Structure formats: C-alpha cells, structure tokens
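Take a look at the structures listed below.
In the two complexes that follow, subunit A is the common piece, with subunit B as its partner first and subunit C second.
Now for the complex of A and B:
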C-alpha cells in the first residue's frame, strides 16, 4: 500500500461518491415505499404470534390455489402469444416505414396508456356485450341471428388484457428491430435470397432478443392482472390476484394474502432467472 | 410560574405566552370532537345532511369525516398500531362483529346508548348498532317480463317457466340464503344455513348464470344494458337505474335484508364523545331523515313512527315493517361463526369448478 494516493484513483472515488449521492434519494424512496412494505408483508406471511408456515401449507395443499395458478399461467401464455402475433407486424411496419410514419404508429400504440385501465375495461364491455357495438353490427349484417357471448368469459378477459399489454410487446420489439442493420437485408437480396427467405433466415433470428424481451414483459405483467379479468371474466376467471384480495377478506390476516403474493413473486423471479440465461436482463428492463 | 414572573420581564413575557398556550390548549379540549368514517360518495353526503350535521349541532361537538370503501384492513392496521385515529366507523355489520371478537372493536355499554337499547335485539349486537339497511333483491327487466315477472327465488331457479339470462353476486353472502329459499326454506327459518344444501342448489342454477358480478356498479350496468334479464342486486342500485328511465323493477319478496352498523374502534382517541355520538346517530328522527336523501332504510325501526317519512316513501324502503316482513334478516352472527367462515372459504372452489 502506498501512502500517497494516486490522483486518478482519488478522482474516481470522488465520482463514485457523487454518483451515490445522486442516486440516494431514489434509493431511499424505493427502500421506503417498496422494499420495506413488501418485506413487511412477506414477514407477516411467516410470522403471526410466532413463526408459522400455515399460510404456505394452505397455498400448496388446497386445490383452489393450484387451479388459480394454473389458470393464471394459461391466460398469461395465451395473452403473450396473441400479443406477439399482433405486435410483431406492428413493430415490423414501424421499423420499415419512414421516420414520420413510425412516430405516428408508435404514438398510436402508446395512446391507450393515457386512459385508465378501468375505463378501458368498460369500453370493451360496451363493444363486446350482447347489446354492444360488435354484436349489433353482426346482427345488422345478418352474420349471426343470436348475439355471441364475447364477454363475461375468458375470451373477453383475454381480449382486453391483450389490448392493455400490447405496448409492452411492441416497444421492445421495435427497439430491437431498429438495431438490425438494413445492409444485412440488402446483402441477403444481393446474394439471391427472396425477401421472405431473408426475413426468415436473417431478420427473424436477429429480432429474437426483442421477442423474448417483449414476451417476458407481457407474461410477467399479465400474471398480476386484477381489474380486467375481474370485470370482464364474468366471475369465472379466478386469477391469483383475486385470491390475494379474497384472502384478506377471508382470513383477516395480511399474511394469508401475502403468502399468495410471495409465491407469485417467487415464480416471477424464477421466470426472470431462466430468461436471464438466454438474454441480459438489461435488455428486458432497460431496453438498451 | 410565580418564580418565573419574579425573575424579570423576560421571564414574565415567557410566562404569559406559556399561559396563553395552556389556555388555548384547554379551549381546544373543551370543544369535543370525533372522527367518523363511512364509505364516501352520495351515501356519505346523505348522512352528512340527515344525521352528522344535526348530531354535531345538538351535541355541540365537531365531527371530522373520513371515508374509505373498505374500512376493515384500516381498522386492523390502526388498532394494531396501538394508536387508532378514527373513533366511529360505519361498516357492514359482519365486520363489526368479527372485529369485536378479535378485540379490534369496543364492547358497547347499552345503558349509555338509550336509543340503541330501545331497538329490537336483532338490530344490535354487543359491538355495534344497525345504522342503515339495504337489501339483496330479485331484480328483473320489464322488457323481458312485462307481466308475470319472477317474484321469488323459486321463480329465479325455474329456467323453463322464466327463460332468460341471469346474474348472481360473486359472493356467498346473501347468495346462499337465496339458494335455500329457492329450495323451499322459509325466509325466517334460514339460520343456521344448511351450507351443503345451498351449494347443491347453486350447482343447479350455475350453468344458467351468465355473469357472477363483483361490484354494485356492474350489477346495475348488466340490468341497464340488457345483458341479463334477471339478477340478484342491491335495491338502491336497481332503483337508481329505474330512476334514469331503464325498464327495470325488483321485488322485496324473499329479499335478504342487510345492514351496515356503527362501531367504535378499540382504544378510540375520543371514546366518551364517540359513545354520545353513537346514541345520537341512531336517534329515530335523524334516522328518519336519511331515506329522504338516499334509497336506504333507517337502521332504527322507530324512525317509521316519527311521521318524518311519508307512507308512499316508506313503502319503497327495505326496512319498512311490511317490506321487512317479506324478507330474510341476515344473521351476521352466523356468517362470522366458524360455520359461516367455512362457507365463505368454500365459495372460491365452487366458482372454479
């Protein structure tokens, strides 16, 4: 160890100190508003007049929890799949048109963000219900004689959830596609490949990180959905989030509810852990 | 204080200002106050005009108001912290009872609450007093049923005689009661509920239920938009839709009469004033004023003897004696018993299957 510190080291230390000072307010807010309350809830799930695993025993042994977790994962998978099918072409289009058009397309994608989730759920109700716009149109055009059951079932819940989560699919896809050099397509074409072949062999593989990022975002967000399935699912789609609220009411203990939330959180972390083996988490969260 | 005064002008000044501080302190204490909590919206507005402002004036106290849609978690947290800030809460009777059993709610001394002591026993329990009544009723579309409308839960379950789309609440409370009445149990012979029989009867109607609603607004919208032809709904929601011109109606026959009650948080900061207020709030005249502002019935049945409520208005209210006689009075004691809690737990698995 030298007694005279290297000036560049000193400089670096000062920069670190400054950085820490700059992020500390944000860190404090996160600590006070997220880490502490979540930690407190998690603590309650194992501690109530002494340590107990009762809340977890219930989650792992009673049928209703398994069924709800299974249903939640099924719905989340369906939503993710549909969002990918709908979102990929949109992102592709936004990527291949001139800048002005791509801004327009992306703003249309983001526009619904400015409306509340609840308002959008009711808007879907107005569209999908028996006397709703779609059924009236179908009957007017003589396509159907009886109104179709488009809402108050899993279908309605999935449609509205896809709508709400679509931006989380389109934006990471677009960000990834932006970074694929267009020279590569030209190179493919110059070597005699058809546009569809260059797409399948060159563009699609290069866009896969975006696909994975978008799918992870949508899937994970969907796992915790509450209002939309509650209002549009007709009461039959009992998702995990509903069991959380039900347990507060039923067992009069936050621990009974937070155990469900902790299991859900653990499965989300597990998903991130698996996904991070294939793609850096920065890509999903920070969209680098 | 004397020594300070003798020590010179500076101290005298300090002493004087300290004295002033103490004085203003006592003045604030002299004006008694409580914090009252209800569910907000038009409902709390109506109470303010009918009950809260007149009570404050009569007792010479200040009533600070707060509102929360679901008070239960807040009650638990506040009392758990050891320093609650609320005094009196208006919340579904079941929570008062459950809270009382868990030591979150003060036990009431009815000798200090004569207005409540004069109420029938079914309208109070050791921890709370009925404050207002609403009812889970059978509502229907008059477009679908211009005449010969369904008039009982037996009719609701009869899908051949009354074809149409149906909705029930996604909750066991009042729904199990309806199922048992559909199975022939008399409204006054429901408790203790035969839970197995109720769920068996519900399985029968389940394939014919289009929507299991979760919020009152949703139930109103279902009927208003013609999504369903009949449903169980809260009377105030149906009458609100009817007032706006929708062709809907309901019957009190076999309705389930439910209430919210007033209770006092354990260790409430203004306990004595809270008890005084509780007595005043269920005063028959104040209570009679409530239904002049909103479609809920008074919690104190004596309100119907005050001549404040006109007969034609009384006939529309859930707790009016003739209407009440056609209905089942919900037993919150049963629902907060172990059997009731077990029935509530069973609901989610019934919905999933």
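Now for the complex of A and C:
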C-alpha cells in the first residue's frame, strides 16, 4: 500500500479533482450567500471607521437589548417546555399503536408542516382575534361575556409558535421511541413492575436522547423566530429577531443590528456545540 | 396492554386534543376563503367566491404570483443539479475534507434565517442585487440546496457504487455511466429534493422581506405586509391555493419516494 505505483496515484488525484469540481458550484453558492453575508455582519459589528466594541457594549448594557435577549430566551424555554409536554404523549401514542394508526397520527403531525408559516399566522389571527372563532365560540357557550384578548400579545405568539415547532419535537421523539425494544417493557412487567413504574424506570430514560434532540431543535429555531412573533405578538413582544430587523429597517443602526445578529448566532452555535457532545448533530438535523 | 387503564385513556384524550390543535388552523382557512362575510361568523353565511375574484382581478397579486412561480421554478432548475452533483461527490469521495464540505452545505439549516436575511441584504446592497429577480433566485437556491442534498444523499445510500464501476469497466465514461446507471436509480430522491426546494422557495418570506422590492416582490412579501395592516380574507383565498399546491407537491414527492424505495 505504501509504494503505490505511479499511474494509480495519478488516477486517484484526478478522482479527487473531479469530486472537488463536482462539489464546488454548490459550495460557491453557500460561501457567497451565507458564509460571506454572516462574515460581513461580524465585520460590520466591530468595524465602523476603525475598530470598535461600541456595538457590543450597547447590546450587553442597554436595557432594550438585553431585555429582548432575556425575553427571547424565556419565550424559547416556555415554547420548548410546552412543545415537549404536548409532543411526548403524541409521539408515545404513535409508537404504541398499530402501524396504520401511527401513520395516520404522524401524517396529522406533519400536515401543518407543509402549510406555509404565513398561512398559519393568518389562520391563528382568524381564530384568536376579538371577533375570531374562539371568542365567538366562548360567547356562544356563555363562558365569557367580553371577548378575550388572545392575540397581539405574548399568549398569541406562543400559541402559534408552539404550533409551528411541534413537529420538530414529535418526529425526533418518535424516531427514538421506535428504537426502544418493546420486550424491555414486557420484561419490566414480568418482573412485577406496574406499567407506570416500567415507564418511569425503563422507557422514559431510554427516550431521553429524543427529548434532547427535539428540545434542542425547537429551542434553537425559536430563538431566531421572526414572522410569528411579529404578526401575532402585537409589537410589545420584541424578540431578538425583531430587534435585528427594526435596527435595519427603521433605525438604520447597521452596526447594532450586526452585533445582535452575531450574539444570536453565537448562542445558537454554542447550544449545538454543547448538545453535540451528548448526541450526534445528524440526529438533530437529520429530521426534516 | 389491551385493557383501557385511566393512564391510557388520558393518553388518548391528550393526544387527540393536541392533534386537533395541530390541524385546526389548517382546516379553518378554506371555509373563510369561501365565505361571503368579511369575518368568520357562526353560522357561516353564504358560500361565495368573492375573495378568489379579488385575488385574480388584482394586478398586484397577479404580478406577485408570477414572481413567486418564476423564482420557485428557477430555484429548482438551478438548485437540483448543484445539489445532485454535490451529494454525489460527498457520497463517493474519500477525501476527508468532504465531511467539512457536507457540514457547510447544511449551514442554511443551522443559521437562523433572520441572520442570513440581514447579511444577504447588506451584501446585495453593495453589489446592486436588492429588488432584482436574480438576487431573489440566488438566495432561494442557497436555501433550497440542503433539501436537495439531504434527499439525494439518502437515495445514494441505498445505491451500490459497484454498479457504476461495472458500467465504466465496460467502456462507458464517467458522465455516461452516471446518467445511464446511477441517475435512474436515484431519480425519485432527486425529484423529491427538487419538490422540497420548490416548496421552500414558494414559502420563503424573511429573506424576501429584506431583499425584494418594486415589481419583484413575491406573494409572501405582499401577504406579510397585508397581514400586518389588516386581516383581509383575500389572504385566505391565496393561502388556500398555496396550501393546496404544497399538499399536491408533497403527495407527488412521497409517492415518488415510495416508488423508489
């Protein structure tokens, strides 16, 4: 192996060259349209007629900036928690019923996935607004006399955000649960454990990698969420993404916008880096 | 397992409620779009196509629709061959750098889209691509590439590269053996990847908000602006049509994938 004859070495070099040539157009697009732009943001955040850390000082000290970051993390945590609470039972059910039923359940889970984010924002506005379906139903049933403020606030934004991110929780959970051998549960039962005890001691711990994958995906996606909080949040719930867009579109604060974007990206990459020590990144990203 | 314990019953009830929550917004749009009322009321008033008429009679909506379809089609035409050749190289090459390349090609899924959008806006502003059709198409090619690559890589995983070797040893050149032997076997994943890229371009909103303008505004940008101002049921009609289009495309893609499996 060490003394490869010349022609095959040449052939191998040609092979490598061909492969690099095949991958380069796609790579070029990625470099020009995501690596360069993000690099540009990073540069712009520290350079404006000379190097400056002024933008970062503002992000970390000025009230609106760190409050927005705190709010974004809070909302993302809440959304992740709710999505886990809602998604776990659905994934568990899909895993424990016959094939036909589980296909039906999973189809219902991914159905909204293929409905545009804007379309669903519209649907939630129609459902939750003061004259919307939910309020009319509540009035009709005599539950309330005054229409409830369900949208244009944090509540509305969270309801719609959880809705959009729920499939990202259910799919990795289901994929993990599928790999848990069912004889383990039977073994637990045959040893005299109650179903709830086998669930807590056997099933739950084995499903934790799926929980971690789902929570990571939902949390990270939520950190950068823009359309839903902008349309349903009513302007008071200013998430980091909205801070970036307002700094660009309304105030022309390009440096500050860039610094906020860099901090947000750094948070996302840090989370991926930490989580990838426990489960493979493919497992988180592999789910479409 | 078969007897219905209280825990099992609770599981059914909770899951059913969650599923209703998931599909309710999808189901609500079509009735609004076919209703004659400005707001959704109980019981729904008469059936009407007035919101569809408003959509089809409005030149601004029609222009936006043309932009969306053009961008989505061009995105597929460009992103599919780029993605297929990249996926082929990643799966066949033994170069170590390919792992890094693979990760980089999935970057659009990792970087929050708002950051990508603002960054592209700054770069486009420098090179004069803001509010142009090529600018919009390029950005969507970048966003669609991961879908093509993931889909084609999955297809190539079940393909035996020895088959291509045989074709080449029989005298076909590399290109011909790819088109004659490899491509037919991964065709369904290529088509599925292209369809996902189309849907991604059709639904893309955030980048378009920053970089599109003038006569080259896609549907999503106009919808976003309209939604921010007022809830106009014309949007329900457009949403219904868009949803119907994506569902048909997804069914097509999954039918192909199943056939390929």
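Here is the rule we go by: the second predicted complex is superposed on the first by the 248 of 288 C-alpha atoms of A that agree within 3 Å, B and C clash if a C-alpha of one lies under 4 Å from a C-alpha of the other, contacts with A are read in each partner's own complex, and residues count from 1 in each chain.
Simple rule for what comes next: a contact is a pair of C-beta atoms (placed from the backbone, for glycine too) under 8 Å apart; a residue touches a chain by one contact, two chains touch by 3 or more.
Only a predicted model underlies this, so the values are computations on that prediction, with no experimental measurement involved.
Q: After lining both complexes up on subunit A, report clash or fit for subunit B versus subunit C.
A: Because the two structures are overlaid on the shared chain, the partners are seen to clash.
Q: Regarding the shared-chain residue A:236, is it in contact with subunit B (first), subunit C (second), both, or neither?
A: first
Q: First (subunit B), second (subunit C), both or neither: which does A:146 touch?
A: Once the two structures are laid over each other on A, A:146 reaches no partner at all.
Q: When the two structures are overlaid on chain A, which partner does A:131 contact: first (subunit B), second (subunit C), both, or neither?
A: both
Q: Given the touch rule stated above, what does A:38 touch, subunit B (first), subunit C (second), both, or neither?
A: A:38 contacts subunit C only, not subunit B.
Q: Looking at A:246, would you say it contacts subunit B, subunit C, both, or neither? Reply first, second, both or neither.
A: The first partner, subunit B, only.
Q: Between subunit B and subunit C, whom does A:68 touch in the aligned arrangement: first, second, both, or neither?
A: Only subunit B; A:68 stays clear of subunit C.
Q: Counting only touches as set out at the top, which of subunit B and subunit C does A:183 meet: first, second, both, neither?
A: Neither partner.
Q: Of the two partners subunit B and subunit C, which one touches more residues belonging to subunit A?
A: C
Q: Which residues would you name on subunit A as touching subunit B in one complex and subunit C in the other?
A: Overlap of subunit B and subunit C footprints on subunit A: residues 125, 129, 131, 230-231, 248-249, 254.
Q: Provide the residue numbers of subunit C that touch subunit A in the complex, in ascending order.
A: 5, 7, 11-12, 14-15, 18-19, 21-26, 28-29, 32, 39-42, 82-83, 85-86, 88-90, 92-93, 95, 98, 101, 104-116, 118-123, 138-139, 141-142, 145, 147, 149-150, 174, 196, 199, 202-203, 205-206, 209-210, 220, 223-224, 227-228, 231, 235-236, 239, 242-243, 246-247, 250
Q: So in the complex, the part of subunit A that touches subunit C is made up of which residues?
A: Where subunit A meets subunit C, its residues are 15-16, 18-20, 22-23, 25-27, 29-38, 40-41, 44, 86-87, 89-90, 92-93, 105, 108-109, 111-112, 114-127, 129, 131-133, 136-137, 140, 163, 166, 195-196, 220-221, 223-224, 226-227, 230-231, 241, 244-245, 248-249, 254, 257-258, 261, 264-265, 268-269, 272, 285-286, 288.
Q: Subunit A touches which residues of subunit B in the complex?
A: Interface residues on subunit B, with respect to subunit A: 72-73, 76, 98, 102, 165, 170, 210-215, 218, 221, 225-227, 341, 344-345, 348-349, 351-352.
Q: Using the touch definition up top, name the residues of subunit A that touch subunit B in the complex.
A: So the residues of subunit A in touch with subunit B come to 63-64, 67-68, 71, 125, 129-131, 149, 152, 230-231, 234-236, 238, 243, 246, 248-250, 252, 254.
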